[in-house]
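In the two complexes below, chain A is the common chain; its partner is chain B in one and chain C in the other.
Up next is the complex of A and B:
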């Protein structure tokens, strides 16, 4: 309030021009400063430090030496890393379309206005996202149990032998199931909110033209939420490449199936905390970050071009 | 995450005095550090006082620290006990490489002592006269903390192996308790035939168990001499183990359940896991983790490879060490010596720890302790016998922690696919050799 009083308001006017110019330029920095400081500290500094780390090698015998790009060369020839990348890529190609498809269906159904108990469905589908990933995974891990879990109970009750969801062949699909369960609601909400902002006049026009529901979806709704679709896809790509929580938490139940190099992130974690290979771990993390960036960027470019 | 819990439980294993009804043993003789110079230095430091930071998750150290402070009022023991297992080692390694915040005393499990000693992270306690304490300890633990003449820690507890078996199940199906591993396989077949839900044991691939089995069989896969290492799982003794164990895996006679999981506790409780071959620290875990099976279980000597043979091995156990970057070395040593060789041992055994010191192991009180959980059995007699028969020439790799972390990536395949155990061990060997070379070791082929 005090700033509105005349003496304060007239203050700057009394100051000499040079001082005023100074103050103005500092004010700008004052606004942007906190952001720049935090951005540099929590975003730029770790990246720069990781790049710095990736140029060295620390050995139990011999200590730390500068090795230039040797770590990168090693990573490009590292079968374990490429196998892990292959695994998450497969995950990405199968799980993400399924998850986004279900989310889109749910969003269209909610938006159609023909669903009875709309808010109930909306909250129910969204609810799994509110369950922390760790809890969700523990819960699913219990259900997957063939001895005392849900699978075991089904086997016992019906006298069947279901395949073990945590066996090496099926564990990736089991993780996909958990991730789908967790994130369908989240993606549905993105799509649904995009659908809600489509102007009603478009629907009215379509009705006048005699368009059916399917036609409305393909000609109005889907083009209108293309941006949201691209965003959700990019989030899902990043999420797939960064897969870590689920395998990490399921691991005590399936150590032999979920190896320490199961996903790229899990591999960097193991390198760092089991093998004390911090430098190589940083290298793998940087390469993985670059790959993720490139793929996400390509998807964004393509998605947007189509939209134009 | 769970793995840490497992480790933690193993650490907590040793708490439990009351439940076990263990009686405190007479404290050992008043120790002197032996060396005139060191002893007086230590004494002077104790009179001057100071603070000692101790990183250890061993629960019985709490009372020991309290007693120590009572005895030397000017010394303060700062016991940091929240971290255990992997988290503990990560923090310790981080502190050591940052050269900041290194504790004065750190608990290190036997399998990891080599690793820290090699990195020049630990103080050689021989300069304090610790080498004179050799005869106090059983051979397994002592061997684990020494390299040549250097002593890198004082043994805190030990895990001579024994076989725990569910007597109720064995009686129900009228099966004799196996004394050899061949009999063990037979018993496994009979049990599983009698009740397809019952398995003789759980095993889904556990590095600690496998290395202990190799140890007992007489295989010596790891040879370590400074920075020269040799890793070889192809000797005849290792084959003896893999041949026998492969039968159990192939015929699906072991339950595919990992230790320290809910399934595991349930299996131990309801009799579907009929035996457990592990360290002598296990009874306390039975009491806390499987209370509903009280009275069902008994201890027996670990099965052997040939009748009449008595070989045993160690599983688990840890020591207290002095990190090289720690401060107040004299005070730190005084505390370690008090806890693991002096009066503290009696206190800790009284609270359920399984000692590594001969005097306690052989004391009448200790041996005649009746385990209520084990149907009143005087199980310590079996454990002490096992401790005396542990071959002492076993060594772990200087990077065993890493090697163990990739055990399930390699040997684990034998449990879930067509790979054999022997092939799995070969893959483990190759991966360990690769790591050794990357880390600058000279690997003998």
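Up next is the complex of A and C:
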């Protein structure tokens, strides 16, 4: 992702070219070498290996054979894969805007300086980030219960019958709520950090022009944090496409709704660990990886170009 | 994979917005300096806080109930008997104290995994910020590019590779992949660029200090707030890790807390399995407490570390 620009290239403390050239040596490798070595082992090697796996097929008769792109062809005709992809796409289109919208409102409220007890708000909204997905899902799962959970309490107290959050129709929304809860504060902090470094001179200029709050937000704040918005969007897209933990942990409570191919990640997991179809599983994973990268790239291009 | 937390792109605020936009000619002038505090805005933001806090409050309240109390009482209020201490004791003694074992495993993964990840990120970030070496651009491009690859694509092949190396079902299978934090590397790079004056390093070298000595005595102390930040975020990533241990570990003796809790939760489903939701809830509370305390106590450090990551005037 090129949004993350190398600070060395723009930093004010950049050493003069002559001095830099002097130090151009292999010394730096002594420091970055260990990182690169582990990175190669746990990032690069698996990627290469997974491409290799996707070109083979393990058959009962004949053992492992090279099949070229057959696995990819199979995946493109695999309805279970497309259904899973459709689900996470729907999730992405609904959950991500809601989550980022709430996070942005919270960040703008913090930045406005008009809140009583600002630091309390900042730390409290951020806290769920420290809660593991497992615990978050267990908590919400208990609360979703129509018998003993909070939903059950509400039903009992008001004599109503709320729809079951874990029914097949609603379970995706319920998962969306859990993910939103987990990451609103995290995204808020990204936006807030970006808002804080807007130079004061811009606000002073706006004040001289007599711009109102809303105008300051649309004309100064939002354009200034576009980079942060794009990055948060990209990470949310990656997160949505990788959805696994929440449905997997919620599954004991909603076995009918959450099938083992509920999300693409869930599907590759079950293919590999329940079905022993490692080669096909790797293929599906690579396709998902490529789709994610393409979408992330498009978002970045569009986000950075807009209004520039 | 850990979710990287990245602050604004350094180049973002450089633009002058509003240029060319029609000037608003209103006579209303806001008073300079601090804006007035608003009750309405505070109340509205409190709604978000409420949403954040309700599940946590629910967890605390329900950790005080017995298994029967859970079923009989309202979720948002206490049951008749206060069983928190009993629950905590039972959590630690159930099944020969396996919860304690999981806690120690988690600590092991955090100390070696998150500690190691932070160490590698600090070294690497320092190298990227203060040295010019062959292949530097390539390293950065590869690391950033790989971040966009979803963890899914890596999980299965990593498992198969580790399985061939005989590493699955050992702590190493969890620790080694935790050692890489691209976000940590990026943050340390930005941080080291800002925090360590190059002249200081030159001076140390002129004084005859070797590279290692220069790093440990001159650079490291200056990097402290950045290190705390990276350490905190890698700790969260390791402490909360679920997917990686799930695929790598079969033996419950090596489970981290997250995997153990999830196993206890699904135990209710198995035939003849004892229903221990009260222990699941109390165990969950015990699991999140250390991290929440760490975030609260170290606020000053990690917030300044994050802010530094986005400062670029």
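We take it that the second predicted complex is superposed on the first by the 268 of 308 C-alpha atoms of A that agree within 3 Å, B and C clash if a C-alpha of one lies under 4 Å from a C-alpha of the other, contacts with A are read in each partner's own complex, and residues count from 1 in each chain.
Operating definition for what follows: contacts are C-beta pairs under 8 Å (C-beta built on N, C-alpha and C of every residue); 3 or more make two chains touch, one makes a residue touch a chain.
Note that the coordinates shown come from a computational prediction; the quantities given were computed from them, not determined experimentally.
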Partner chain in contact with A:209 - chain B first, chain C second, else both or neither: second
First, second, both or neither for A:189, with chain B first and chain C second: second
Which partner, chain B or chain C, touches more chain A residues: C
Touched partner set for A:220, first chain B, second chain C, both or neither: second
Which superposed partner A:292 touches (first chain B, second chain C, both, neither): second
Touched partner set for A:148, first chain B, second chain C, both or neither: both
A:252 touches, of chain B and chain C: first, second, both or neither? both
First, second, both or neither for A:130, with chain B first and chain C second: second
Touched partner set for A:91, first chain B, second chain C, both or neither: neither
Chain B versus chain C as contact partner of A:273, first or second or both or neither: both
Chain B/chain C common contact set on chain A: 142, 148, 248-249, 252, 273
Chain A residues within the chain B interface of the complex: 59-62, 142, 145, 147-148, 167-168, 248-249, 251-253, 255-257, 259-261, 270, 273-277
List of chain B residues in touch with chain A within their complex: 1-3, 86, 90, 93, 115, 118-119, 204-205, 227, 255, 257-258, 260-263, 266-267, 398-399, 401-402, 405-406, 408-409, 412-413, 415-417, 435, 438-441
